[in-house]
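What follows is chain A paired twice: with chain B in the first complex and chain C in the second.
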Partner chain A sequence: MTPDTTRRYNIAGGIITIITVIAALIWAFPIYWGIVSSFKLEDEVVRPYIELWPENPTLRHYWFALTQTQIGSWYLNSVVTALGVTVLTVSTSLLAGYALSQLRFPGRRPLWWLILASFMVPTQVLIINHFVLIANMGLLNTWAGIILPQLIHPVVIIVYKQFFDQVPREFREAAVMDNASEFRILTKVYIPMNWGVTTALSIVTFIWAWNAFLWPFLAVTRTEMMTITVGITQVSDAFGVYYARQLASAVLAGFPVALAYLLFQRRVTQAITLSAGIKG
Partner chain B sequence: MIRNTKNDTLIAYVLIAPFLVIYGLIFVYPTINMFILSFQDAPLISFGPQSAEWTGLDNYTRLPDDRRFGTAFWNTAYFVLLTVIPGTLVALAIALGITRLSGRIQSLVLALFFLPYILPVSVVYRIWDWTLNFQFGIAMHLFDALGIDRIPIFKTSTWFMPAVAFVTIWWTCGFSILLFLAGLRAIPVEFYEAAELDNAGRWTVFRKLTWPLLWPVTALVLTIQLILQLKIFDQVYLFTTGGRPNDNLVMVYYIYQRAFQNDDGGRAAAIAVVLFVMVIVVSVLNFQLLRLAERKT
Partner chain C sequence: MAEIALENVSKSFGAVEVIKDISLQVGQGEFVVFLGPSGSGKSTLLRMIAGLETIDRGKLLIGGKECQNLVPGKRNVAMVFQNYALYPHMTVRDNMAFGLRNVGMKEADIAARVEDAGRILEMDALLDRRPSQLSGGQRQRVAIGRAIVKEPAAFLFDEPLSNLDAALRVRTRVELAQLHQRIAATMIYVTHDQTEAMTLADRIVILNDCRIEQIGTPMEVYTYPASRFVAGFVGNPGMNFLDADVSTSGKEASATLGDGSRVAMTISIPDDGAYELGIRPEAVHVTTGEGDTKGEATVVEHLGDRTLVYTRLGDGTSVIALDDGRSQVAPGDVVTLRFDTSQLHLFDSAGRAYHAD
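Right, the complex of A and B next:
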C-alpha cells in the first residue's frame, strides 16, 4: 500500500468512527431527554424552546410518584414476580438440561421434541387459554398467576445442555469411580463449573420477566396487584397530562433493569448472544 | 459405564419432573385447549363445558369476511415489512461502526446503542410519546426546522405503523447488533490482512469478504426478527390508546380484542390458531434456509 492511499484510508476510517460516536449519542438522546424532563417543573417542560438542562432541578415528581401513587406496591409486585420467574425457570431448566446432557433414558427424544415445539410456539397465541387456566385456578390478581405462564423459556434449557456437554468426561468418570451420587456430581462438579452461565442466564431471565407486558397486563385487573411495567401505563389517566410526572414514573420503572445491565454489562451481552444460539 | 441404566432412568425422570409438570400445565394443555376452543362458540368469562357450543369450522369460515381480521393481517404484514429488513440493515451498519472502535470507547458506544433494548416497553412508550409529542415533543423542533408541518403522529393512520416501526427498530436493534458483533469477531483477522496486502478498497473488502462470511449471522438475525415482529402487540397497544385501535389492529391485538373486549373466546382462538400456523410455517421455512446458508459457507 502506498503512503498516499494509507492516509486516505485513515481519514475515511476516522470519519466513520466520528459518525459512529455521534450516532450513538443521538441514539441514546431520547433516554437522556426523558430523564432530564422528569427533573423539570411541569411549566418548564412545556416551554416552546429546548432546554438541555433543567433550570430549577426538582425531585417533586419522584416524590409524588412515591407517595401519591401505588408505585411502591407495583415495585414489590415486579420484584417478587420477576424473582419468582427467574428462580423457577433457572432451577427447573438446570435440572432438565443436566438430565438431557448427561443421562441416557427412554423418552429423551420426545423431550427434545417438546422443547423444540415450545421454542417455536409463540406464547402470545396462548393468552386466551392461559387466562382461562389461571382464572379457573383462582389465580388472577395474584403473584402466582403472574408468574406461572411466564415460565416457558426453553432457551435456558438448551444453553445449560450445551454448557454441560462441554464439561470434560473425565470429571464425571472420576466422580462415578468414587461412587458419588448423581446429585453430588451435579452440585459439586457441574454447577460450580458453570456459575458464570447461571449468573448470566439469571440476569437476563430477570430482565425479561421485569419487562414482560402482555401477560401481567391480562392477569391483573386490580391496580394494587399490577407490576410496575403495566402500572405506569394503566393509571396514567389519574395523572392527567402531567408529562414530567409520567416520565418520572417511567424512569423509576426502567431504573432497576438499566442498572442491572450497566453493572453486569458483559454477563448480559453474553447471555443474550447465547440465547440466540451463538457462542459469545 | 459402571452404573446401571435403570438407576440412570429413575434419576433422569426425577430431574425432568419439575420441568415436565410446568410445561404440561402451561404449554401443552393450553395449546391443545386453544385448538378445541377454536371449534366452539364460547365466552371467555365463565368458560366451561356448559357454556361452550360446538360450531365446527364456523370460527374459521367467518375470517375471510371479517374486516377487522383483514386489517390485522395486513397491518402485521406491513409492520414486518417495515421492521425486519430495515432493522437488520441498521443493526449491521451500527455493528460495522462499533467493531472499528476499541477499548473503553467501544464499550461505551455499544452501551449507548444497546440500552434501549434493556428497557421495558412501557418506558420506551413514555419516552417516545414524549419525544414525538404533537405540542411539546422535542422532535417537533426538528420538523419545524425542516419545514414539515407538525403532525400528531400516533393519531393518524398513515403515520402510525411507520412510527411504531421506527420506535421498534430503536428499541430492539441492540439485540441484532450483539449478534452481528459476535459474527464479525469470528472472522479471522488474517483474511483482512490478506485483503490489505492485495490493496483492496474498503467497499471491496466488505462486499467480497465481510458480507459473505457474515451471511449466516445475517440470516439468523432476519429469522429472529421476522418471528419476533409477527408477534407484535405491546407497542401497538400502548401507542394506539386514545387513538384508533380498529385501524391499527395487528394479529395479537385482534386476539386480545376478540377475547377480552368482545368476550368471544372461540373466535379469538381461531385467530390465535391462524397466527400459530403463520409463525410455525415461517420458522420451519427459515430454519431450512438457515441450514442451506450454513452448508454453503
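Right, the complex of A and C next:
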C-alpha cells in the first residue's frame, strides 16, 4: 500500500467516524432533551427557544410523580407482568425449542412450520381477538390478563431450537449411554451448555415486556392495575398536559430498563444479534 | 463364553444397506479392533452394539443376554467418543460421576469409583478442573475415565486417538494397551489406522464396503490376508502387487511377470491364468547374486535400521524392496531383486487370496 492510498483510507475512515458520531448525537439528543427538560420548570419547557441546561434545576416533577401518582403500583405491575412474561416465555420456549430440535415425534415438521409461520403474524393483528378472549375470560384488569397474550414469542423458540441444533450430537449420545433421562439431558446438559442464550433471551424478553404498551393499554382500565408504560400517560390532570411532569415519569419508567441495559450490555447486544439474525 | 456376540445383524439407512449380515464374537477381556477405510461401516457397527443405532435384523448378545432391543443405558457398555463429548460445564469429577448419578448410586460410592478411576488414569490432581483446562491427551483420559467408572461389560472406542497430534497419539496408544492389560476389560476399538490396529488388537476385524473381509490376529491378517483388499490395507509400506500369468503343474507354479521374468513357487490354485501377485517389501531383497527380476531404483529412503528402495521394473511396474540399513543403492542404479517365494500371494480377479507355501 502506498502512502497515498493509506492517506485516502484515513480520510475515508475519518469521514465515516464523523458521520457515525453525528448520527449518534442525533439519536441521543432527544433522550438528553427529555431528561434535561424533566428538571426544568414547566414554563421553561414551553419556551420557544432551545435551552440546553435548566435555568432553575428542580426535582419537583419527580416528587410529584413519586407522591401524587400511583407510580408505586405501576412499577409493581410492570415488574410482576414483565417477570411473568419472561419466566413463562423463556421456560415454555426452551421446552418447545428442545422438543423441536432433539425429539422425534409425529408432526414435528408441521409444528415447526406453524411456529415459523406464526412468526410472520404481527401481534397487532390479533389484538382484537386477544381483547375479546381476555374479556370473556374475565381477565381484564388483572396481571394474568396482561401476561397471557404476551407469551407469544416464536422467535425465542426459534433461537433455542437453533442453539440446540448446534450442540454436537455426541453430547446427547454420551448422556444416553450414561443412562440419563430426557429430563436430565435437558436440565443437566443442554440448558447448562447454553446458559448464555438463556440469559440473553431472558433479558431481551424482559425488556420487550417492560416496554410493551399497546396490549397493557387495552387490557387495563383501572389506574392501579396499569403498568408503568401505560400509567405515565395518566400523569396529566383536568388542566391539561404538563410536559416536564410527563417527562419526569417517563424517565422513571425507563430507568430500570436503562439500568438493565447498562448492567448486561454485552448480553443484550448478543441477544439482539441472535434474534436479528433470524428476523433477517 | 463370548462377552459380545453379533448374530447375522443387518442395518439399513433408508434404502441403503450399510451392515450386511454380520456375525462376530468377542471374547471376555479381548481387545478387538474394527479396521477399515472411511465409510466401511465401522462406526455404524460399533454404534449398533452401543444402542445408538437400531439393529434391523439379527441378534446382539452382551454377557449372554439379548440386547438388540434394549436402550443404550441398559446394555452395560461404555463408549468413548472421538471428540470425547466431555460436558464443558462440569468438572472432571462431575463428568465421571454423571452416569452414576443418573442411576441413583450413593454419593459415597460414586466418590470412591471416581477416585479409583483417577488413580488408574493418573489424573487424581485434575479431578476438579474443567475440560477446557485440560490438554487433548488429558481430555482423552477423562473420556476413558468416564467409561471406567461405570465398570461396564465392554468398552467401545470410536477413533479415540484421531484428535491427537502424532506424538501424543503414539503415547496414548501405548497407554491404552497398558490400560487394557491392567483392567483386563473387553474392548472394541474402531480405527482406520492399520498401525493402531496392528499394535493394539488381540484380533482385528477388517471391514470393507460394510462387510467383514477377515477376522484374525494381527499376524494372521498380515501374513495370510484373506483378500486382495486386506493385503493392500494392512502393512506400511503396503504390499507390492504385480500382474502375473500363472501356470501350474501340481503344486509347482510358475508366474510370468509383466517384464517377462519368471517366478517359481509352491502354491495351490484352482485354475491357471491371470492373477495378481502380491509380495511385501520385506520379502523383496536387493541382491548382488541370482535374482528373480531387475529394476531401476527411483527413490531410496534411508530409515536408519533399514532402507526402502522404490524400483521400477522393465514394464513400468513399481516394486518396493527392503534393503539393510547401510544400503549402497543410489537412485538410478539398476538392482537385482530376489523374491522370498514362500511369502508370495496370488489374488484372483474376485480378490480371493492364495498363499504360497
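To be clear about the criterion, the second predicted complex is superposed on the first by the 261 of 280 C-alpha atoms of A that agree within 3 Å, B and C clash if a C-alpha of one lies under 4 Å from a C-alpha of the other, contacts with A are read in each partner's own complex, and residues count from 1 in each chain.
Just so we're on the same page, a residue touches a chain if its C-beta (ideal position, glycine included) is under 8 Å from a C-beta of that chain, and two chains touch if they have at least 3 such contacts.
Everything numeric here is computed off the predicted structure, so don't read it as measured data.
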First (chain B), second (chain C), both or neither touched by A:Leu83: neither
Touched partner set for A:Thr269, first chain B, second chain C, both or neither: first
Contacts of A:Trp33 with chain B and chain C, given as first, second, both or neither: first
Touched partner set for A:Leu214, first chain B, second chain C, both or neither: first
Which partner reaches more residues of chain A (counting touched residues only), chain B or chain C: B
Contacts of A:Val176 with chain B and chain C, given as first, second, both or neither: both
Chain B versus chain C as contact partner of A:Ala250, first or second or both or neither: first
Chain B versus chain C as contact partner of A:Val167, first or second or both or neither: neither
Which superposed partner A:Ile127 touches (first chain B, second chain C, both, neither): first
Contact residues common to both interfaces of chain A (with chain B and with chain C): 176-177
Touching residues on chain A, where the partner in the complex is chain B: 1, 5, 9, 12-13, 16-17, 19-21, 23-25, 27-28, 30-31, 33-34, 37, 45-46, 50, 88, 91-93, 95-96, 98-100, 103-106, 108, 111, 114, 118, 120-122, 124-133, 135-136, 148-149, 151-152, 157, 176-177, 182, 207, 210-211, 213-214, 218, 228-230, 232-233, 243, 246-247, 250-251, 253-254, 257-258, 260-262, 265, 268-269, 272-273, 276-280
Chain B to chain A touching residues, read off their complex: 1-3, 5, 8-9, 11-13, 15-16, 18-19, 22-23, 25-31, 33-34, 37, 44, 47, 94, 97-98, 100-101, 105, 107-116, 118-123, 125-128, 130-131, 133, 135-136, 138, 141, 170, 175, 178-179, 182-183, 196, 199, 202, 217, 220, 224, 227, 230-231, 233-234, 238, 241, 252, 255-256, 259-260, 265, 268-269, 272-273, 275-276, 279-280, 283-284
Chain C partner contacts - residues on chain A that touch it in the complex: 168, 170-171, 173-181, 184, 188-189, 192-193, 195
Sites on chain C touched by chain A in the complex: 50-52, 71-74, 77-79, 81-83, 85, 87-90, 98-99, 102-103, 146, 150
